[in-house]
Structure formats: structure tokens, C-alpha cells
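Please go over the structures that come below.
Heads up, the next two complexes both have subunit A, just with different partners, subunit B and then subunit C.
Right, the complex of A and B next:
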């Protein structure tokens, strides 16, 4: 068998696996979300006997979905902005200043990734109880989301700062640019893709985060993941869970695809305008 | 470096790295202190080994450790073992390889809870899997697959979610190996298996270790997959910790939390070390 034939065979095999891996699970979820309550979807039928958007409307009007979406989509952009603001000074130091211990500092920035999420969630909650701040749930979740996303934000922004070209900064200075103008012409073009990528990745992290929102937020603050969790647990109604799953997954897939584009375009040559 | 410059660096590091160290440091400290009876939320604040003695004495604690270790180890090894051949296959671009890479990485974009729902939907008692098996005549009647006692459901979910991550890391490492090296090995008479053992494996070991460690820690500390798809007669360590916390028993929760952190680090190092040992043994 030649290499091309082998690749073709493997390709077909993989398509079959992917159908099992992706198409069937998502297809089933979409079908279940469309089941009309007038006629139940029994096991002997291949497709739901009656399909409508009734479940979608019902979930939208009669569940905590609107509240949860409002919370999630307020929390995420705020966490993204806060995380970017907190990460930028550190990333500047890590990306542009050579100091002893820089590699160690970079390594320590990854700390939130190795401590299990539920340990952080539970003992951060405990800390808030100690400080008497446990009633301040939304702010606490926002703060925790921003800090826990810092490893990503710092990493991306550090790479961006490394890509700012010293000769651009020097040229701007020689031409008499003020610090602000220097930032605008030398730093900003190279940083822009990194800034967008950071905002997007923290946004996605915050939308998806479950442990903190669940431990700290319940029962007052409901986000989309915590709502889905309870829809999968004590009040499991399959079509409703299907609706929620799709609402959580679709926007994120679109955002992730944009993110991948952005990270690909985070190229120093393109970003700084010349090679 | 002058003092002034040091001050600048420290001030710049404070909002980012400073907050990380502050938050994670405090969280870990509170967990350790509470496991020894300090910082009690209902007033008591006295150093004691009582909670460690009580919790470690319980059967459910030992069971949860064994169970979490099992899920962590098997998930890490399976994910990496499946990702390796795929990464090598996708090393050189060919028609359709981009699409395949994208499809394989797609589960990374799917939230863990959504993945859990999709999975229990497929394996439900009257779900499509049971229907298909009956239609094919393999099973006579539907079987109860959800919450199976060997946690196969949890393992499938972990691999579904984590294999793409291992693939991402391994593809990067494998693509970094130059053709010259592999051609040289081929010219010297190395077959496909030898090329993997003696060239690809040693050159991609760091990526493999990183994938193993991160997947192991994540899977060992899993909560949501376990609650939704895991065996009902066993608890993962995170689940046990949340159970204690929900009863207001923060000290016992802290004992479980500290053990979880310690074992996650220990297990991850052991796994990374073993991976190196196995690969080194092979490359000789």
C-alpha cells in the first residue's frame, strides 16, 4: 500500500470515528432540544415525532437562564478587562526587562494551573468568610476569575512585549515622540493581537469556569455552567439540559475560532508593520 | 541592577505575579491551617491533629484516594498513548490533515459539563448506543451504562476532553524534529518502530511529560465528570471535599484538600519520572 492509499484509508477511518466522537453526540443533543412536549420521543422512533422550538422558548421564559446569561456575560468581559490590566505591568517586566530570577518568575506565574480548581474554590471561599466578605459574591467571583486567568494573560502579553522592536521605540524617541506617542506607534501595533487574544481567552475561561462560581456563588449567583450543573443533577430534564448545553457551547466555539485566528496573526512582522 | 531598577521590577510584578502568589499562597495556607484546626469558622482556633486522625481513619477517605489516583493515572496514560500515533501521523501536512487536526482538537472547545451531558445522553438506557446494539443483535435488551462501577464512563470523558490537549502539545514537539534526523535514522536501517523508540520518543519527551502532568492533576481532581457520570458508590477526592464543606465541616474538607494537593504533586512527579525512565530505557 502506498503512502497516499494509507492516508486515504486512515482518513476514512478517522471520519467514521469523528462521526461517533462528535456528530452523534451533538446531533442527539440538537434533536433532544427540539422535542415538542406534545408527543414524547420514545425509544422505538428514530426521530422525535413532533419537533418545535418550544423547549428553547420555555427555557428562555421560565428558567433562570436569562439571569444566568446576564451574570455570565457581565462577569466575563469584566474579568477579561481586569485580568488584562493586572497582567500588563508584569508582562512588561517579564518581556522587556532582563533581571535575575526572570525565569523563576515566569514559572511562578503558572501556579494557579497546578492547584486543583476545587481546592482554590473552597479555601478562597473560606478566606472570604474569615474576612467577612462572603456576602460580596459577584465581586469575589470576578476577582477570582481575573486572577486565575492571569497565567494565560501574562503569558500572551509577555510574548507580545518581547515582540515590540527596540529600533521602533528608539526611532520614535529620536523623532521626539512623547511617551504616549511612543506607546501608540511602537508598542501598540505589536501588542494589539496579544491584547485581543488575552481578552478573548480570559472571557472564555470565565464563561466556562465552574468550581468558583459553584462553590462561592451558590445559591445566589447563577452562571451558565452552574445552571447546567443543576439541570444535569437534581432537576434533570433531558430536553432542557440539551438546550442549556447548546447555549453554553455554541458561542464558545465561535469565540475560540476567532482566538485561533488572532493567535496566528500574532506575528511580529505583521504586527509591527515591517520585517 | 541598581536599587531603583529593582524597585521598578518589583512594582511591575506586584499586580500580576504578586496577586497570584498572594491568592494561591493564602488559599494553600488556609487549607493547611484549617486541616490542623486553625481558623475555624465557628470560632474555635486551636492547633490539633484530631481532624487528620479522624479523616484518615475513615474508609471513604482511603477509597477516594485510590479512586482519584486510578482516574488520574489511567486518563493521563490513555490520552497520551492515543495522541502519540496521531501526532506522528499528522507530523507532515497532507491533503486533509488540517481538517483532521481541527476535528480532533474540537473537544477542547466543548465545556466539560456539556461533554458530560452529551455522553450520558448517548449511553442512556434508551439512548442511541443501547438502541444500536439491540438493532445489531449484539445485546438482547438495553443495559444500564450510566454511572458504571469501574468508572469507564468517567475515563472515556476524560480521554475525550484531554486527548486533544495532549495532541496539541505532542504535535508541536514532533513537528520540531527535523526530517534530516529521521532520514538519517532511516538510512542507517531503522524501521518505523525503531525510529519512534530511538528518535521521536526521546526528542518529544518534555512535551509528553507536560501533557501527562497536566492531565493527571486535572483528572485526579475531577469533580463534575465524577458527579454526573461516575460510579455512585465511590467518591473522588474533590467530591469528598465538597461533601465535607457542604456539611460545614471545613476542617475535614481541608484535610482532603491538602492531601489532594500533595498527592497530585507527588503523583505528577512520579508519572513524569516514570515516563522518562521508560523512554530512556528504550532509547538505549
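Right, the complex of A and C next:
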């Protein structure tokens, strides 16, 4: 076997593994969500014996799914905006101002990511309780999601601010631009992909976050993950859990695709001259 | 009235002196080059003139009014960046218009100025393209155009040709000079390239570690360098330190150097006994008289031949248009007395 053939074989193997990796969980989730309650899907069958959208209808009508979706999809965009707003000044400082210890500060901003989510959640929520924020449960979750996504937001925005070219700022200034005009012509085009990436990543983080939403929210505020985890708990019904997990994952996949496109389309405009 | 007057300008960064005590007057319509090696302060000086840096001491006047405290956005200067600094998401037209929009000029005026400049710079066909669709030379012209539409009192260039290839550079050099003359602009041009400075400027300001070494026309700077630095930086020079032996005939002084005795034509008697003198390699005449020198190395350069020679305890270079001298040959060198300059700095 030549080297080229080997490469090709390995590439095909990799593609097959990746496909299986994606297809099997997804396929199983879809199939399980379609199992009709009239006949259970037993282990001796390859496909469910009876398929219908009954589970989907049932979950939609008879659980707190609608409320949970409304909460999650209000919470996530607000958390994304709040996190972006909180991260931007820090990112500006880390990306554009030279000060001693800057590299260390950048590293420290990423440090919270090494702590397991649940550990952070337990102690962060106790902090919020002490601050008295828990009286407005939705607000507390919103604040917590925005703060916990800060490492990502700061990191992405720092890199974006580093991409802004000083000569563009200077050129705009030299041509008489006001601070606002300078921001629009020199900063915004370079920051735009970073802003979108931040919004999307914080959005997805918030949509998927369970621990804090559960500790702070239950029993009043239900998000999709807390609903899903309860469906995985004492009253575990696999088809219902499949419906919920699909509802949780589909918007994220769509958002990831949008993000991918945005990042691709944004790059060429950054290059100019010697770059 | 002077277009630009710089008075006692000093700029320090955390104890490092980038510019010290700079005085310079630039006449209206004059093309002045700031020349020097990297780190000499030429870009710092340009940034101070454009307003991006505030001087530690001293004042800057443009057409008589003190602009020292005026920020770049309100200063009537336009800067051409080394990197061009074109806005990559704006078309050529939008780039050219940008400054005029900031000035809130009415649309008709804007269109007229942009049209005028785009024709002068041969950009009419590129108006709707993005900068990254243009060649380096075209981008350079857009950057020049963006400065020109502002009709500034002073136009500033920060090594605008350093990203172009050699052939294009000569062409753009001529173009920049033509446009500067057409618009009657006062120009300050930063470069580290001595041939660029000599070819383009009305006057050259030679800078060395934050100080002005010499300000003169290119011809004077080349033929009458005042310091060792000026002699070395502009073209090639043979610099020697020597002892004044005495006046040979009226106005002719004999000076003994490690390479031998040179006779120079001086108007005034030299100050002191120790002097530094220099002469250009192309002014030496190879012939029957003069200093005996051995050729160490011969390098054919096309329009001349470069000979590295040794005489006595000194070494020097000689450029001859045509020579048969080879390595190891002994030749005789004569330098005409009026081609030898005494330098002002102490040996």
C-alpha cells in the first residue's frame, strides 16, 4: 500500500468515525422521540414498531416546555448582551492598552474555566444569596450566566481588540473623525466577528447551563435544561427526554452554522495592504 | 511667512530622549525630507508635527498659528501612512470621501474633489473596488489621494514607498513630486533611503539620535557634509583624522593622515592642529602622481568599479569609471584639493 492510499484510507476512516459519532446519538434521539406509546420499543427491534409525533405533542401541551422555552430564549440573548457589555471594557484594556502584567491578567481571566461548572455554581449561587439577588430569581440567573461566560467573552473580545489596527485609528483621526466616527470606521469592522462570536457562545452557554439555573431557579423558574434534567431524574421517560434533548440541541446547531458563516465572511475585510 | 515653524522641540519617553532641541522652518510649497537611520527620531518628529504625539518642550506653528496643543483631527495636516492604512471595508471612493464627510462638506463639493483627485491619480477605474482588490501601487495612490482631497496646508509622508518594489518606487517618487508641485503643497517626507531624499527634496534634514545633524539642499549636503555622520550617511566617504602640517601655498593646506599627506583648499585656516577630513571615492583620480596605494579588492559595479585600497596605515575606497587595476596592483591616487572637505566635529 502506498503512502497516498494509506492517507486516503485513514481520511475515510476518520470521516466514518466522525459521522458515526454524530449520526448515532442524533439518530437514536430522533427515533426515541418518535416512539408511539401504544407499543414500546424493545431491544429486539431495530426500529420502533410504531412511530408518531405523539410524544412531541404531549410534551408541548402537557409539560412546562412552553414556559421553559420562553424563559430560556429570553434569558440567553439577555445574558449574551450583558456578558458582552461587561467584557468589553476589560477586553479593551487587555487588547489595546500596554500595562505591566498584561499577559498575566489575560491568563487570570481564563482561569475560572478550569473549575468544574457545578463547583462554581454552588459557591457562586451562595454568593448571590448573600448579596440578596435571589429575590429576583430570573435576574439572578441572568446575572450569573453573564458573569460565568465572561472568560469566553473577554478572551474573544480581547483578540478582536488586538486585531484593530492602530494605523486605521490614526488615519481616521488624521482625517478629522470624531470618536464615534473613529469607532465605526476603525474598530467596528474588526470587532464585528468577535461580537457575533461572543453573543453566540454566551447564548449557547446560557441555553445549556443547568446547575445555576437549577439552584437559583427551582422551583419557580424553569429553563430547558432544568426541565430536561428533571425528565432524566425520578420520572425518567426515555422518549420524553429525547424530545427535550432535541429541542435543546437543534437551535444550537443552527447558531453554530451561522457563526461559522459569519467568521468566514468577516475575515477578508480585515486584510489590507501589507496586512 | 513660514508654512511650518518648529521651535526648540524636545520629546522624551520615560527618560529616553527621542528628539532634542529641534529648530526648523519650512517655506510654503517646499518639499523637505527628514532623513536618518532607524531610531534617529524622524518618525517621532513627523508624529509630533501631525499631532499624534505631544512635544515635551517646544512649539509648532503652521502658517503662523501655534498648533502645539491642537489634536490631529483638528490640525490642518494630512498624513500618508507607510502601511497606507486604507479602510478595508470601504471602497476606494468611500475611502477618498471619508475625510470630506467628516468635514461635512456638501455632496457636490465632495464629488468634485474626489473626481479631480481620482483623475490626477489615475484611479477613476478603481472607484468601486475594495482596497484588497488593488495592487500595492494603486493602494499607495489611494492613500495619497485620501490625503490630497483634504487640500491640507501641509502634507506629511511616512516612508510611503517602502512597501513598493524598486521599479515602481522610482515612478511613484516622480508622481508624488509632480502632484506636490501641482497643488503647491508644503510637504514633509520621512525616509531612511538617502537616494530618495536626494532625488526628491528641496531640502534635506539629516537627523542623528534625536538631533539635527545638518539641514541643506541635497547638493550641499552631498558635496559639503559638515560632520562625519553626514559624510558617512549620504553616499560613500573616506574620512580621515589628521594633523595640519601648514599652508603650502595661499589657501592650500597640507594635512597628514595615516594614508598619506593630502592638500586641501580651505578658505579659512583650520581650527587647531587635529582635524577630520573627508573626500568622496568618485573624486579620486588614478594617475601618475599622488599617494601610492595598493589595491586590496576590486568590485565591478557596472557604471563604475569600486576599489578598496591601502596606503600607509590607512584604507580608503576609490571609484573609477574605467580601470585596469587588479588586486595587488599599486596605483597612484590624487584627490583634487577642492574636493576635500574638513569636517566640523573634533576627531
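The rule is simple: the second predicted complex is superposed on the first by the 240 of 275 C-alpha atoms of A that agree within 3 Å, B and C clash if a C-alpha of one lies under 4 Å from a C-alpha of the other, contacts with A are read in each partner's own complex, and residues count from 1 in each chain.
As a convention for this text, a residue touches a chain if its C-beta (ideal position, glycine included) is under 8 Å from a C-beta of that chain, and two chains touch if they have at least 3 such contacts.
As the structure is a computational prediction, the values presented were derived from the model and not from experiment.
*Asks:* May I ask you to decide whether A:119 touches subunit B, subunit C, both, or neither, giving the answer as first, second, both or neither?
*Replies:* In the superposition, A:119 contacts subunit B only.
*Asks:* After the superposition on A, what does A:91 contact: first (subunit B), second (subunit C), both or neither?
*Replies:* Only subunit B; A:91 stays clear of subunit C.
*Asks:* Quick check on the superposed pair: does A:248 touch subunit B, subunit C, both, or neither? Answer first, second, both or neither.
*Replies:* A:248 contacts subunit B only, not subunit C.
*Asks:* Mind telling me which of the two, subunit B or subunit C, contacts the most residues of subunit A?
*Replies:* Greater contact footprint in residues on subunit A: B.
*Asks:* Does the superposition put A:131 against subunit B (first), subunit C (second), both, or neither?
*Replies:* Neither subunit B nor subunit C is touched by A:131.
*Asks:* With the two structures laid over each other on chain A, which partner does A:211 touch: subunit B (first), subunit C (second), both, or neither?
*Replies:* It touches subunit B, and subunit C stays clear.
*Asks:* Classify the contacts of A:150 with the two partner chains as first (subunit B alone), second (subunit C alone), both, or neither.
*Replies:* First partner only, subunit B.
*Asks:* Pick one for A:13: touches subunit B only (first), subunit C only (second), both, or neither.
*Replies:* Neither partner.
*Asks:* After overlaying the two complexes on chain A, where does the subunit B footprint on subunit A coincide with the subunit C footprint?
*Replies:* Of subunit A, no residue contacts subunit B in one complex and subunit C in the other.
*Asks:* Spell out the residues on subunit C that touch subunit A in their complex, using ranges where they run on.
*Replies:* Subunit C residues touching subunit A: 50, 52, 71-74, 77-79, 81, 83-90, 98-99, 102-103, 130-132, 136, 139, 146, 150, 163.
*Asks:* Please name which positions on subunit A make contact with subunit C in the complex.
*Replies:* Subunit A reaches subunit C through residues 165, 167-168, 170-178, 181, 185-186, 189, 268-274.
*Asks:* Can you check the complex and tell me which residues of subunit A touch subunit B?
*Replies:* Interface residues on subunit A, with respect to subunit B: 7, 10-11, 14, 18, 21-22, 24-26, 28-29, 32, 42-43, 85-93, 97, 99-100, 105, 108-109, 111-120, 122-124, 126-127, 129-130, 144, 147, 150-151, 153-154, 208, 210-211, 215, 225, 228-229, 232-233, 238, 241-242, 245, 248-249, 252-253, 256.
*Asks:* Touching subunit A in the complex: which residues of subunit B?
*Replies:* Interface residues on subunit B, with respect to subunit A: 1, 5-6, 8-9, 11-17, 19-21, 23-24, 26-28, 30-31, 34, 39, 41, 89, 94-96, 100, 103-104, 106-114, 116-122, 124, 126-128, 131, 142, 160, 214, 217, 220-221, 223-224, 227-228, 238, 241-242, 245, 250, 253-254, 257, 260-261, 264-265, 268.
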